[in-house]
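We call the chains A, B and C, going by the order they appear; numbering starts again at 1 in every chain.
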Amino acid sequence: MSSYLEGIIMLSGINLIAVLGLSLLTGFAGLFSFGHAGFMAIGAYSAAICTTIFKLPFFVGIAAAAAAAAGASWLIGRATLRLKGDYFCIATLGFGEAIRLILDNFQGLGGARGWPGIPPHTTLVNILILDVIGVVLLANLVRSRHGRNMIAVREEELAAQVAGINTFKYKMLALVVSAAYAGVAGALLGHYMTFIQPKMFSMVKSTELTIIVIFGGLGSISGSVLGAVVLTFLPELLRAVDKWRLVVYGLAVIGIMIGRPRGLMGGFELTPKSVRAHFARLREAKAARADQAAEEKGGL
Amino acid sequence: MAQFLQQMVNGLSIGSVYALMAVGYSLVYSIMNFSNFAHGGVIMFGAYFGFFAMTQLKLPFPAAFAVAFVGTAVLAVVIERIAYKPLRERNAPFLYFIISAMGASIFLENIIIATIGPTFRTYPDVFGRTSISLGSVAIGRLDLIMFVISAVCLAGLVLFIEKTKIGRAIQASAYNMKAAALMGVNTDRVVMIVFALGGMLAGIAGVFFGMKYTVYPQIGNITTKSFVAAVFGGLGSLPGAVLGSVLLGIIETLVAGYLSSQFRDLIAFVILIGVLVFRPTGIMGKTTEDKA
Amino acid sequence: MSDILQVRGLTKRFGGLAAVNEVDFNVREGGISGLIGPNGAGKTTIFNLITGVYKVTSGSVSFEGKDITDTEPYRIADIGITRTFQNIRLFKNLTVFDNVLTACHASASYNLADSLLRLPRFRREEKTLKEKALELLSILGLADRKDAIANGLPYGLQRRLEITRALALDPRLLLLDEPAAGMNPDETEQLMRLIGDIRNRFKLSVLVIEHHMDLVMGLCEHIVVLNFGQKLADGTPDAIRGDKRVVEAYLGGGE
């Protein structure tokens, strides 16, 4: 495998972890975040502090990244998730920008010039292992009562409440898990690039993650996987027209919301069972049409 | 003391431009109940409209100014028609509005980068660098003009909302869109007018930001401050948005003057966090209960 | 027969306007009670006050002898009260089965780790939840629609699904907000029988807000009449029918 191709695969694997987290928050719990790059930044810097300054093993760095990002998200959630209106959204926007500004001005960690010399611990193998763990844990979560409660919050908050669901608690759970995923992705990214800089985690990064979730489909894990892979490869293939890429993405996002709001996969999960069921439905529909046609003929 | 007064005046001037942004944003929020995150893109277009009207079309400042705010009013309405109206019509969840707004914002910023390019451009120097002295306080001519025009626009908006029929329809819709529709208010028209007004104010703010700083595709990111100002003043309240903006402008200028200019941008977020933790309804906001 | 719900001096002001003013009434245990009154009389507001959706201005609500005034909405279901909404609020994009399964959550106690790792407790309880949801759906006659998307159901079945979802929480008091709204006489008739069956089968008490006079008079053993946020009368259907004030304010008012 060429190292170029391997590099793109690794990047899409890293993106995937952040996207899975955001998929839980936006696709399943229905919350919108502008600040996920901020959680990635917290993860990247926490992990780098562990491995570079304290010389701790990489897995400790990853765990610290997840914990630090989760902790930060908990604080934001505590302040905003009980409030009605767009407070959460605005807070994530403010948070993402604030983290970047703080890191820009914090010379101890390299400031705006960035922090080089992070050990290259990230490998294709540990990315893939974490991807698999990430997908399995998320799939298990959304198909449990905890996941169903999050979906209920997205669907109809008041009904969820009177059905005994503590909506604050489940929004918080979605947020914290989601931030932990972003933290892990940040840790992997830092130890892949061996260099981190605050501007790597700008709002553009947050919106790119959201775009992937939306393209893959709100409420579909397999869609997020597909989205993360395709949308990381696509820009590499389309280098020549790169400046038009985001123009097209912007229009496509509006188009999806207007025409097919649940995204390309539309809440559909790609599993062997669902594929079989889909074909069974198609056969049934065909049979029903045939019956109807026969009936109409008979009626004439 | 003189320095303090000087900072206050500068803060008031920049705060009044923040108010133009924040009022436009709050106006839309009060009607539609969602944050129009494409507002920044409209402001950015205002800055470019004004810039090109002056440099390419060689228009004098007042004409270029008019081109900018008419252009952004039209732009804001077009965005509403394309990106939000279909969602409104099928009662889509708010999440979809926010995502659609994000799409519009990405589109606006990147269409400029793709066609005009990412370079920073400087407005022609219309007002000169001279300043007017009032005792020990020197006021830049641009700052003074920014403040006066912003104040006039805001006063005009208040008159429009308080005194005209359509203004009262806007008030009714902000209170309860469905009820207003039942009472015979054409809510579709109200939404259109609200976007046009918001767009107009955004265009004016865009020209001022372009003149005070420079023009570049990411200048719309400055709207983050209008969100903070709106939360600070009380989300959805127009007087709150003005008050929050002016205070934010003053606090920012004081921080830049007395502490460090690096903290200038950070202070907005410190305020945001403080408000969310201690008084989420902001200075003038009130809590509301959903009608079940 | 004792009272399962007691409402005392219940008042709710929005701004200066009293939507509900000093209302007292009881709901009998095991009974079907009705809450009637013209539009804007404050019926739904009372439901919102009982279920904690609105904060009470003054007065109290107690359930099975315990004060539950201003309990958070999500705790109300735990306490034993569930409700439906006037403008149906289903989990629209989910299947009929998932709507009910979600509401069954309170019958399970597995924790987050059980979920994430699919531990035995998760599998065991999840199986019970699914059986429970299916059983409820077949009792309410929705089993053959279980894979349909809730939003696509005919109106009458959406109402029925909302009731099923409320029952999934094993309530002892069920609050129904205009369950017959938008139904034709046939469907209303069916609904009346359904409400009676539910009461008997699940051994619960029902409080129903209704405009259809036939339904209220035929179904309820006890009726509370509201007008302009105040209680006008309260008694058996016969007593209500004979009450002059009620006839003036409501029955005679062209309804």
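Keep in mind that, in the parts below, a contact is a pair of C-beta atoms (placed from the backbone, for glycine too) under 8 Å apart; a residue touches a chain by one contact, two chains touch by 3 or more.
Here the structure is a predicted model, which is why all the values come from computation and not from measurement.
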Greatest separation from subunit C - chain, by CA centre: B
Of A-C and A-B, pair with higher C-beta contact tally: A-B
Could you please state the distance in Å, as a whole number, between where the Cα atoms of subunit B are centred and where those of subunit C are centred? 45
Mean-CA-position distance for subunit B and subunit A (Å): 30
Could you please state the distance in Å, as a whole number, between where the Cα atoms of subunit A are centred and where those of subunit C are centred? 38
Where in subunit C do residues touch two or more of the other chains? 53, 85
Of all residues in subunit A, the ones touching two or more other chains: 158
Of all residues in subunit B, which are in touch with two or more distinct other chains? 290, 292
List of subunit A residues in touch with subunit C within their complex: 137, 140-141, 144-149, 151-152, 155-156, 158-167, 173, 262, 267
Contact set on subunit B toward subunit A in their complex: 29, 33-35, 37, 82-83, 86-87, 92-93, 95-96, 98-100, 102-111, 113-114, 221, 224, 227-228, 231, 235-236, 262-263, 265-266, 268-270, 272-273, 276-277, 280, 288, 290, 292
Subunit C to subunit A touching residues, read off their complex: 51, 53, 72-78, 82-83, 85, 89-94, 98, 101-106, 108, 110, 112, 114-118, 122, 126, 129, 165-166, 168-169
Subunit B-facing residues of subunit A, complex: 26, 30-32, 34, 79-80, 83-87, 89-91, 93-95, 97-98, 101-102, 105, 154, 158, 203, 207, 210-211, 214, 218, 243-244, 246-247, 249-254, 257-258, 261
